[in-house]
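Order as written gives the chain letters A, B, C and D; numbering starts at 1 within each chain.
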Amino acid sequence: MWGPLDLPLEKDAGGRLLSLVMAAMVFLAVLALAGAFILDHSLAGWRAGVAGRLTVEIAPGSAAAAKAGDATADADAAAAASVKAALKLLRAHRAVARATPLGRRDIETLLKPWLGAGPLPKDIPVPRLISVRLKPGASLDTAALRKALRAKVPDARLDDASLWLKPLVRFIHVAESLSAAVVLLIALATVMMVVFATRAGLAVHHEVIELLHLMGARDSYIARQFALHTFKLSAIGAVLGIGAAAAILWFLGRIAALVALPVPPAVHFSHVGWAALAAVPLFAVLLAVWTARLTVRRTLKHMM
Amino acid sequence: MWGPLDLPLEKDAGGRLLSLVMAAMVFLAVLALAGAFILDHSLAGWRAGVAGRLTVEIAPGSAAAAKAGDATADADAAAAASVKAALKLLRAHRAVARATPLGRRDIETLLKPWLGAGPLPKDIPVPRLISVRLKPGASLDTAALRKALRAKVPDARLDDASLWLKPLVRFIHVAESLSAAVVLLIALATVMMVVFATRAGLAVHHEVIELLHLMGARDSYIARQFALHTFKLSAIGAVLGIGAAAAILWFLGRIAALVALPVPPAVHFSHVGWAALAAVPLFAVLLAVWTARLTVRRTLKHMM
Amino acid sequence: MIRFENVGLRYGLGPEVLRDVSFHLEPGSFHFLTGASGAGKTSLLRLLYLAHRPSRGLITMFERNLAEVERRELPALRRRIGVVFQDFRLLDHLSAMDNVALPLRIAGAKKDEIRSHVAELLAWVGLEDKVNARPPTLSGGEKQGVAIARAVITRPKLLLADEPTGNVDPERALRLMRLFLELNKIGTTVVVATHDRRLIESAGKPVWRLQAGELKIERR
Amino acid sequence: MIRFENVGLRYGLGPEVLRDVSFHLEPGSFHFLTGASGAGKTSLLRLLYLAHRPSRGLITMFERNLAEVERRELPALRRRIGVVFQDFRLLDHLSAMDNVALPLRIAGAKKDEIRSHVAELLAWVGLEDKVNARPPTLSGGEKQGVAIARAVITRPKLLLADEPTGNVDPERALRLMRLFLELNKIGTTVVVATHDRRLIESAGKPVWRLQAGELKIERR
């Protein structure tokens, strides 16, 4: 079966080109998929870091200080009361797992870039912060909580960290849809390409095909020759393509590490991810062979 | 000249494939180039925004406050003195065009996210900031300036905004080199592809070529046929490729606008940029035709 | 075995190449088909080897009305027919051996069976030392020999030969003619289209003459 | 015009197909070349139309020692030679007209000149109504006619015809023979390789016989 085909397809000008294009297709599809996985992975990381966390900030001085005149001790006391009230409300909420006030030290650390190094003078009022951790899996109506908090503790400001992730999430979803679209487009292009190549092959070898028919060959016999040929060419291309993609992924990972950018590490896919990437060339070859077969059978139907 | 060729190249299986691959090549090359231009453009924008600007920060309270005990008025005065000293030093520097102290209002705006809304109470010490603008084109030894500043005004901290651009610049340069490499690789792949296709064409039509030779055709006659054929196919591909690239660039611009990401606007190239992009398909076609011609002549040399 | 009734054939919108052709081909018969260049000999054979359907008229073959034969039934019918094409139609990328073996491979015969069988036949047509040569390296007469071997390798019920001796020397022509006669003796129905009068005279078989698309039956 | 001295030819590492062939072909002469299938007729013609270089021996052609002719000089020499190939070698994608016009186009002739000239010649070989037909739609004899027309369209100094009448009826064969004789009368040197004894007898020209690669000059 692996000897010379009855159809002289091996000589066709399209052969190496088909392999080349197949290689490019597999290469692009693998990169698009890998890109989607990397984004997804990064997103999951960011989400895990941010999800289930809220921060409540009690502004220093503002309302409380206005009430209490210029005695900083009074302001301090008012802020402490506000924190207590907020803590009570938060801890009673069914979605909250823990609510911890941050100490002055923590807050100073956070403020340092703004207020300079060295310990802050005691009398400088700083905002009080409460770190809130939600119960895993609990869904929280942030707006409702914010309202409740405002009602009890007017100084409090609820800061939902996952909010600033939103545009990023939106972007990542768009990018993922794009990469899915790219993979689909590539599959489509592969089909078109194989159809072109097969039709051209059928046209070029019209006479030999007629001859085989006249000698009693069935359509399946001829289709098998095209399928076998397409298999060889596209398998070569697929191997080249995945090889190149692997090389590039490795290289990009090195580059990212080299320039010390916050690019997520390229090669941290799950087993499923790896399997999906490895399936790309297999799927591409199958698709090509199946397309070739179908194209031949469809075209031959119209011959005598 | 545009009638049927003497060599039946039009029927070859490779024809449409060559166009397709050419389209893909031009598409990728244009995108890679456009990407490089976009990055370059963005970088230039960021640089323009940041270059030639420095900020000097005088920490509130710290050294000055420690000296003056707890009287905030003293601290204020000390800070004002520091600002004055720093301004004097800066204005005397030959690379500095302007040095402007920011008012309390400006600084409050900057601090608002940290210290809550509403006017700050008078007695809260905030850092003083001096915005420095360098003379255009002047080169500044930041380290020397920092040292001089420290010597005169120990509270002052020189903040060189262009510093945090550095890793970004590095990344962008890497990305630009990558895209240049991609364009080069594509040119190479195009040459390889055309060589493949032409060699295959020569092999497939070996007999016709021998016949033409026997009838007295010179190599140039045969090479012209291949060149013409390659021109047709690659021109079709190049037009398709640049069309697709234009569509994608437009689409990406739309997407970026839609998700309101800080992605730089895609389609703001200079005239030179546009010309470079338009030159890609022309160059690709010329490269293909030239390669085909050369390949034919080289191969035919070995025939009788 | 084969019956033509008022058969006409035209290619596309051109004139009728065959007109009102009617004959009955009995099993085991041997006929020559002759006529000027362009008279329609090859066209008539084309109808016989099922490469074309007639534009009009009725063809009955192997007890089947061809108009009623479906596409998927054609391979079975075609496998009973051996054809020597006027232009040989050998596959240039296969050896003489593989070319001759092709009909057997298509019919699904076993490999070793094929080999010995083919080698034997190639020796018969005088090509024992060209078994592994590819057609482009064969002389005109040698190609014709391979084409003939390929046509008879399956021992077809019906053998159609189109100018099978146009490129061989007279001695070899007579030898190939003997091959056809032998096959005819063991039951193969044979039709040979040729211009070669000497060949026709040597065999003493009935001759059909085509004249501008019309069939004249000369001798019987 | 042409002189062979002890010329030998082998393909690749095979046996010598031509051995010690020596002859002198005078300008304006007319020779038949005959011999069994595979004797080497086509191989000898291949040397003459510069498709192959001999393995040994000396060939002088158009006053040039072929061994000294450079590659870039070959086209000029080849344009003086017309060839009818045994297997026609027509280009299937071109019309009969374009096929015949090919040598003129290659030589750079003007378009309208070509048209009238070609149409005239096609009429001469009896193909006036096949001017626009492509070879696959021509009968065997018609193809041969086109091949012959293509060989003579440039009025070559040397005309080489390999089995030029294997696919045509005897009447047309004699008509084509007349064409060759006419060309010979106006100075073309002609060599015709053929198996057709009747053709040879009809012309009464000297016959060279090839036997297993050796040339025997029969009549002169």
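One rule holds for everything that comes next: contacts are C-beta pairs under 8 Å (C-beta built on N, C-alpha and C of every residue); 3 or more make two chains touch, one makes a residue touch a chain.
Computed from a predicted structure; not experimentally measured.
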{"item": "Chain D and chain B - chains in contact with each", "value": "none"}
{"item": "Two chains sharing the most C-beta contacts", "value": "A-B"}
{"item": "Label of the chain whose CA centroid is most distant from the centroid of chain D", "value": "A"}
{"item": "Distance between chain centroids, defined by C-alpha means - chain A, chain C (Å)", "value": "66"}
{"item": "Cα-centroid distance, chain B relative to chain C, in whole angstrom", "value": "71"}
{"item": "Chain C and chain D, separation of their C-alpha mean positions in angstrom", "value": "29"}
{"item": "Centroid spacing, where centroids are CA-atom means, of chain A and chain B in whole angstrom", "value": "24"}
{"item": "Overlap residues in chain A, where contacts from two or more other chains coincide", "value": "11"}
{"item": "Overlap residues in chain C, where contacts from two or more other chains coincide", "value": "none"}
{"item": "Contact graph of the chains (line, ring, star, complete, other)", "value": "ring"}
{"item": "Every chain pair meeting the contact rule", "value": "A-B, A-C, B-D, C-D"}
{"item": "Contact footprint of chain C on chain A as seen in their complex", "value": "4, 6, 8, 10-11, 207-208, 210-218, 221, 301, 304"}
{"item": "List of chain C residues in touch with chain A within their complex", "value": "49-53, 71-72, 74-76, 78-79, 83, 89, 91-94, 98, 102-103, 105-107"}
{"item": "Of all residues in chain D, those that touch chain C in their complex", "value": "11, 35-38, 41-42, 86-87, 137, 139-142, 145, 162-163, 166-172, 195, 197"}
{"item": "Complex contact set, residues of chain A against chain B", "value": "11-18, 20-21, 24, 57, 59-62, 65, 70, 111, 114-118, 120-121, 123-127, 155, 157, 167, 170-171, 174, 178, 189, 193, 196-197, 200-201, 203-204, 255, 258-261"}
